[in-house]
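Just dropping this structure here.
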């Protein structure tokens, strides 16, 4: 039983990691309805910048994280400006293709020798791992940190979106750019802010991920990015709490599958569950089932 | 027949009988449930209670395409054309259930395919001519002017060979002169294609001119039926729908 | 049956291209390497036409196309490896089996999931692709010939240019005939407005599934040929990144255009190889960067794709001349 | 003159939707643009509010040239555009929709005041304040759109087909409200298919045909024009 | 045979290695060995001038086949040195063999490199021992020298090298009286091993056998320690890299081909030459690739032909050829040389020579 709980804890950690990425993913989707495939790669850039910050340049960890977040926010804004804005009123699929292009660009550009280089790097622990024994369960300080960060981000995003003017602007931009303009909303700025926040979160996620799974390389964003997006879809894409819920479920499914069935099956079962959930709830667990009004 | 969305009873105990060859108007305030009636008849929504019979057959719960194949066609309140396709293909597409070649004829281009394609194209063009759209046959439907789009929707509906045609606010957003032309068009196609017509419209100019019988709904229920004249003087209808001024236009 | 004028020109064009390639082969201009690239381009054409039917013409967003390509490759490859030994009859039988397995799986998975819409469908198909990849990685536990996660080799390499060319030609003709028939029109009307199509008498579920099965069977066929032209099958060759490749070919070519799909598929395969050669060993690191930039720039320059909705006249049947130049745009496009 | 439009030309891609139109609106007026489907009425309004950029021509609002000013700044200058088809935000509550109308205003107290005014004018909206706007009926949505438009306390209110798709009863109500708003000092530029009603409340009118102004004058003059009577008003029916 | 500009005969030799990606240090080392061997031979073998053509496989199986295809069909190489890992070498060896191009790998240790489903790939050779030897030696060493009795094994299901080692280790370990408590596979891209490691931690084995490349074992090792696993880590030649996480792997043992600390004069001479050129000690992969290249050059010289069929014959008939990593070698019928296994320990952040074991 205790053993089982420990596995659940493992699943929680993985799920929280996914949540970290999924939150930014889902927020951007909610506002621009774009599957921003480059999100996972911004996450990778964040991980690298964080690593350089604390492991190479010797910055204190919080400063390193902050630097990575600011840099990635900027990166996100630039990506939107260069690769998505020209396609804003083109068919949706065009922006998606552009996102795939940006994703590949970030991966291969980072792989160049004078950028991050093509190689895997081992990330040294910026602080020692500490295990606490709580009621027979071992809980690590990393797990606690990730938990607190996700909770904080979740609350922050909810407040931002539902309690601030910027959030209201985001919600109107999500529905109709012209109607939002007619209210006096600067659509470009609002979208830039969305990308900045989403990308900064991705960077934060990247650094934490690199600390928890201490190895980074230019292609490290692909799978976690995909899983995180899947988690967001599972929970109901565009819905902030949905992303966290979906991510937690994904984490549990993967870990429990690895622990009790076979680790080779983890992806298969995770995605099988996604498909089953969608068949029952075509817009995800918390998604509004909108029958089209005819 | 009834239909509820969650707690909202959009249609409540609605009963209506249409005789062959009639033109009946369905009017009522916004949100009364008129469009919902169309959606129920065409199978887009399943009734919470009640049944729908067409030509003596129970069609309740059939999927939309089967209902269409039995002879009910409609237009939509918010135009729903196959926008990216040509005007001609908008019409030809709905010939589909009545095409007499099979999949392998299509893949192998048999003579049967050729003959049938030629027939469908010819018939579609005839329809477009009848609705004065033939000269735009190769245009993308999205490029048509609003009024042309409304007429194309009607042409497409006619191409399904319907016995009953449901028109949902065909004159919305038209000025009185355009409304008049629409009235004439509906009369013409009704005669030519031997249709029964059920019409939703807020433009009293159209309804009063065209319909032999009016059904007035409010809150999902029928509140009055009768000839245009009777309805115009019905105090309940005046109160709920037409307003005191009750001008035409 | 009488050949229509355009069909005639189509064959004339095909014969000319064939002769051209043959001449280049004989003169030695076409090294075995570029021959392989060309063959792979044709194989990709077949697979991409499959996705073109599914997404370009029917509007069903699939991010799992490579899985069906892989199913076809593994099925055909394994069958021929075990039973075939280079026998031509077995080659064709194994191709058919590959297409059939891909189509059958598409039928089983398509019936439930094609109810989903746009991005949700995309993610579900992507997920299915990953499930298939896991299946390939563990397939050797049931059938050791499949090689599992370490890959499989040993399929007789009997597909040569002549065969591949003829197969591609047949596929193009059949797809054309499908698109320009009432079935094709049913599909495009579903793409444009599913609800309207349904209300107008088209059995939308049936044709969505039909398009999906057909498209996936073509992917399976392409995979089967691939297995006979490329000596090594590996699950990683069929994962979702490969599905993206098919997607971007179909989109960059222009949705609803066979011409666009064909041209882009060939161009895309050659682009990647030309980059490899042009950059040489010293700049090979830039290949991915340049490729990504080309991708982003082309979609920004032509967001509607190369041939959006337009076809080369050769592909349009004579008696439908009046529909030439028709334009399709993708349903649900715009914001 | 509160608004002046000079030689406006607007294109959609290569389609010339407006072929050089000029008109003006005086402070305190109701001016209506009428014309057939596709004449370019909505295009004109979209250009004024900054959603479209004209290729040629000028627009002056209170003496300031605004033809290249972005839409979100034009709102701040005092123009409020209630678009065709309402375009309320279905995923926001009625109250949030109204507050969005005051997005550009900083003074909370004043916003609160406007909100009270709007809710007084549309009591139905007060009842529905917490409901998601997407679930309102057509008439309620139109009221919400107008209420939202008023929340920015505009000097000029632009209305695009406010009566479209509404029942006769509601149509009357809406026109009543427009008259009322105007009487309380807001200038109104109104586009309508329902030419009858529009001409009845407007001071002046312009008639648009395929991107050109073909007629202008006081409402009475326009209404009296025999061509207009047959082309836009249809033949008048008896028994009305 | 190609003709050089000056009219002398040219033979093109391919070199395939993971120069980037997850095991790039392997490729970088190997390239140094390859270059040095050619340089020392004056880019000549017999009457032939050697023209090298290099390619990077990123340690990706399909990419390896792509570049091999290009080398063989476009560049027309007659022989290939490479690749490094079994992961990539197995698929290209099949392809090279089918196309009758000689391939010799310095380091790919899986038996499947030279033998495919019981059939010898005649054109394929290697300069290293094979995994059954390596795995068995590791198991015996653990049982007999370290006196450890229980083990857990983690391996990559997509790599015949790690699969083979895992199985060989398990077989020998159980045969020798040890007990394998857990044996789990993972996929190449996995990064989270918490579930499996939690399970293993409960079983508390003496040994955690990690027969993968340095990146993966560093990652797994770290997470294993996080989960409180105290077992001794043991692995194979895949550990040999400057990029191994020495801190985490401290106290671990791994089997390897060679140690620069080996006092044999051939070795010390080689170490000196290598240091002179590159300013660092050669690791096993530089050495083995150097050896493989020399074996190939010798065969070309002996055959004095650029016909791969003749080169292959010459290679197979190599007798008592002296290479750095093993005294006088010859190939067995499967193209494998018979060589000793070295055992190294990670101690104080460095590799330390423990012993060399001759297989029987």
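Read from first to last, the chains carry the letters A, B, C, D and E; within each, the first residue is number 1.
In this section, a contact is a pair of C-beta atoms (placed from the backbone, for glycine too) under 8 Å apart; a residue touches a chain by one contact, two chains touch by 3 or more.
By chain, with names taken from UniProt: A, C = Branched-chain amino acid transport system permease protein; B, D = Branched-chain amino acid transport system ATP-binding protein.
Note that the structure is predicted; figures quoted are calculated from it, not measured.
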Enter the minimum step count from chain C to chain D; a value of 1 means the two chains touch. 2
Among the chains here, which has the CA centroid at the largest distance from chain D's centroid? E
A-C or A-D: which has the larger count of contacting C-beta pairs? A-C
So the chain most remote from chain B by C-alpha centre is E
Chain C and chain E: spacing of chain centres that average the CA atoms, whole Å: 39
Chain A to chain B: how many Å between their CA centres? 47
Averaged-CA centre spacing for the pair chain E and chain B, given as whole angstrom: 75
Hey, what residues on chain C touch two or more of the other chains? 137-138, 195, 285, 329-330
Two or more other chains touching the same residue: where does that happen in chain E? 20, 157, 187
Where on chain B does chain C make contact in their complex? 42-44, 63-65, 68-69, 73-74, 76, 80-86, 88-90, 92-97, 99, 101, 103, 106-111, 113-114, 117-118, 120-121, 137-138, 140, 142, 156-157, 160
Once bound in the complex, which stretches of chain C touch chain E? 31-34, 36, 137-138, 148-151, 153-154, 157, 230-232, 234-237, 276-277, 281, 284-285
Complex contact set, residues of chain E against chain C: 20, 54-56, 60-62, 65, 69-70, 73-74, 87, 90-91, 94-95, 98, 116-117, 156-160, 163, 187-188
Under the stated contact criterion, what part of chain D meets chain A in this complex? 46, 49-51, 70-73, 75-76, 80-81, 83, 87-92, 96, 99-101, 103-104, 148, 152
Spell out the part of chain A that touches chain C in their complex, as residue ranges. 33, 35, 83, 86-94, 97-98, 100-105, 107-109, 111-113, 118, 177, 222, 226, 229-230, 233, 237, 264-265, 267-268, 271-272, 274-275, 278-279, 282-284, 292, 294
